[in-house]
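Look at the two complexes coming up: chain A is in both, with chain B in one and chain C in the other.
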Partner chain A sequence: MRENHLKILQYVTGIGLFFLVGGYHLLLMHLGKGDPESWSSVAQRAASAGWLTIYILILIFGIYHGLHGVRGLILELSLPNRAVKVLNWSIVLIGLAVFGYAVYIPIQAF
Partner chain B sequence: MEAASKTKTTLPNRLGIKGWAWAGRYKIERYLYTLHRLTGFGLLAYVALHLVANGSRLWGEGGWESTMNFLSNPGFKVGEYLVMAAFIYHALNGGRLMLQHLGFTLGKPKPPVYPYVDAMRRRRPLTLALLALIMGLAIYVLVAFIIYR
Partner chain C sequence: MEKITFKVQRYDPDKDKKPHIQQFIIPFRHGMTVLDGLIYIKENVDNTLSFRSSCRMGICGSCGMLINSLPMLACHTPIEELKKDTITVKPLPNFPIVKDLVADLSALFAKHKSIKPYIMPQDMTEADKPTAEFLQARGQLEEFVQFAYCVKCGLCMAACPTVATDKHFLGPQPLAQSYRYSADRRDCGAKVRFHETDTPHGIWLCHLAGACSEACPKGVDPALAQQLLKRAMISDSLRLRKKPVPPSVAPPPAEKKPRIAVPEFTIKQPGTKS
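The block that comes next holds the complex of A and B.
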């Protein structure tokens, strides 16, 4: 049952990423004005609560979707139970570390 | 018998990773599945690179601008296009897999009358239509890349 819930979350985050990343790309590359990669644009977006919310949602959904996908691939190798536990904890720790690093950048930079 | 059925057993994956590339006579859906994994790995690699590049914000405006200059070479631009194409493929094929896993696109069960046609083959036109859509979007993005960059 637990695996089913994790799989449903995988679907939900996948759908969420499709709309969030698609919408983000559309807003930034097609509807936005100026160079989205310039320092002033980046600083402006980092100071906006709306953009930060989108970034953090993309980050959470992306980390879960990516790491759960990798976990599924590794589990196909028929690992013993102990290795599965180590894998699960490693995935959680990697996810938290990536999230911490990615959130630290905008907080520290501006 | 009951005790044996309660024991958690795992079937060995005898082919391992080699099974991704070849495990017999594959149909198109299996190759799409393999490509789904490869594009997933590609997108993960891009996210890692993206986070590292974003880290250059910590060095201030100079660090950011020099990183952007470094990433503006043609090799990275081609890579950017491949990331977009991988995103389109991974998202649309992911939607197809999701609908299949949840049973929406499998159709109703039919009695096994010769010549046997399984649910996947009956739904092949949907897969082909999806592939056409992916190709169309990938070409559109390529044209947009060439025009706007």
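The block that comes next holds the complex of A and C.
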């Protein structure tokens, strides 16, 4: 994938995170009823397909946005092309591993 | 102010292990530029001092140096404007040093060449053997003319913090020129240039620090050009960019003027009949 497409995804995930995390906080802290941190409301959200979708989207967007940012920082170290390839694959593998581990909890709870 | 102190970085790769500072105290006169000071030192104090200069009027871009920690053209910098009695002059950073104040700009020119800094018409034979003149409206020219004032002095590359950390980064000068030619309506080579700049060391490493625009002595604003290039590349990826339309061709002149006769050589060349 060209850098251009990766950067467009970076912008899309950034904007997506703004609305997803913002909306999440708005719904829970200001528009929701009761204590959002109580066991019953957490269990209720965990059993909801809508909340599960939101959690997974936040996870995907957050992992992509964060790891692409880290990749951008490392790329400034004048790496040769071979090292860039190693870096790209490392980032992909780390992203998949983190996603696999992190998505396990909400899916199990669902 | 009757005297001015120049602290000049000296380095001869054949003799010195590392650069060192040499101090010169020279007479000051009203209107003197930093380049005038360096020329005075070379002519009257130390003729081994090396620096580049040519036009002395900010056109050729040869005398780019680090003057009091800022990249500037020495010929374009009056000493009075610096408002200091001591001037420190060093070669441009982010480039290897050839000798004293002479930086090796070959990396800049190689990067500049890599982005294909020329008009690429749809029909490349037209580039080699043009048959007509392409029309360009004033508004079309104004879309990029600011970026065409670049003199390739390298000050923007010396000021760029990303070039300082990543030597493979294309840098503000080639990227600004990439936009300059891609925005030209006579050009159809934007796709090729976008391909050259869309790399891990390409346009997306620009963080818009803006140091390049601040350093530019010609008001080119390379930071703006890079932002416009990013926008053009994203539009192109999302297929929102207008397809290049071949420019209209100027009609042939109604009357052909006779060519001016080439004057004969005043001194006859050897082998020619008189």
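Assume the second predicted complex is superposed on the first by the 107 of 110 C-alpha atoms of A that agree within 3 Å, B and C clash if a C-alpha of one lies under 4 Å from a C-alpha of the other, contacts with A are read in each partner's own complex, and residues count from 1 in each chain.
In this text, a residue touches a chain if its C-beta (ideal position, glycine included) is under 8 Å from a C-beta of that chain, and two chains touch if they have at least 3 such contacts.
The model shown is predicted, which means the values in this text are computed figures rather than measured ones.
A.B. asks: Considering only the touch criterion stated at the top, classify A:28 as touching first (chain B), second (chain C), both, or neither.
C.D. replies: A:28 sits against neither chain B nor chain C.
A.B. asks: Chain B or chain C: which reaches more residues on chain A?
C.D. replies: Touching more residues of chain A than the other partner does is B.
A.B. asks: Who does A:94 touch here: chain B (first), chain C (second), both, or neither?
C.D. replies: After superposition on chain A, A:94 lies in contact with neither partner.
A.B. asks: Output check: A:14 vs chain B and chain C. Expected answer is one of first, second, both, neither. What do you get?
C.D. replies: The first partner, chain B, only.
A.B. asks: Return first, second, both or neither, reflecting whether A:54 touches chain B, chain C, both chains, or no partner chain.
C.D. replies: neither
A.B. asks: May I ask you to decide whether A:108 touches chain B, chain C, both, or neither, giving the answer as first, second, both or neither?
C.D. replies: first
A.B. asks: Could you tell me if A:4 is touching chain B, chain C, both of them or neither one (first, second, both, neither)?
C.D. replies: After superposition on chain A, A:4 lies in contact with chain C alone.
A.B. asks: May I ask you to decide whether A:62 touches chain B, chain C, both, or neither, giving the answer as first, second, both or neither?
C.D. replies: First partner only, chain B.
A.B. asks: Does any part of chain A touch chain B in one structure and chain C in the other, and if so which residues?
C.D. replies: Overlap of chain B and chain C footprints on chain A: residues 7, 76-78.
A.B. asks: Which bits of chain B are touching chain A when the two form their complex?
C.D. replies: 10-13, 16-17, 37, 40, 43-44, 47, 51, 54-55, 57-58, 61, 64-65, 68, 87, 91, 94-95, 98, 101, 148
A.B. asks: Can you list the chain A residues touching chain B in their complex?
C.D. replies: These residues of chain A touch chain B: 7, 11, 14-15, 17-18, 21-22, 29, 37, 39, 42, 46, 62, 66, 69-70, 73, 76-78, 98, 101-102, 105-106, 108-110.
A.B. asks: So in the complex, which bits of chain C are touching chain A?
C.D. replies: 162, 165-169, 194, 198-205, 230, 233-234, 236-238
A.B. asks: Tell me, which parts of chain A touch chain C in their complex?
C.D. replies: 2-5, 7-8, 72, 75-79, 84
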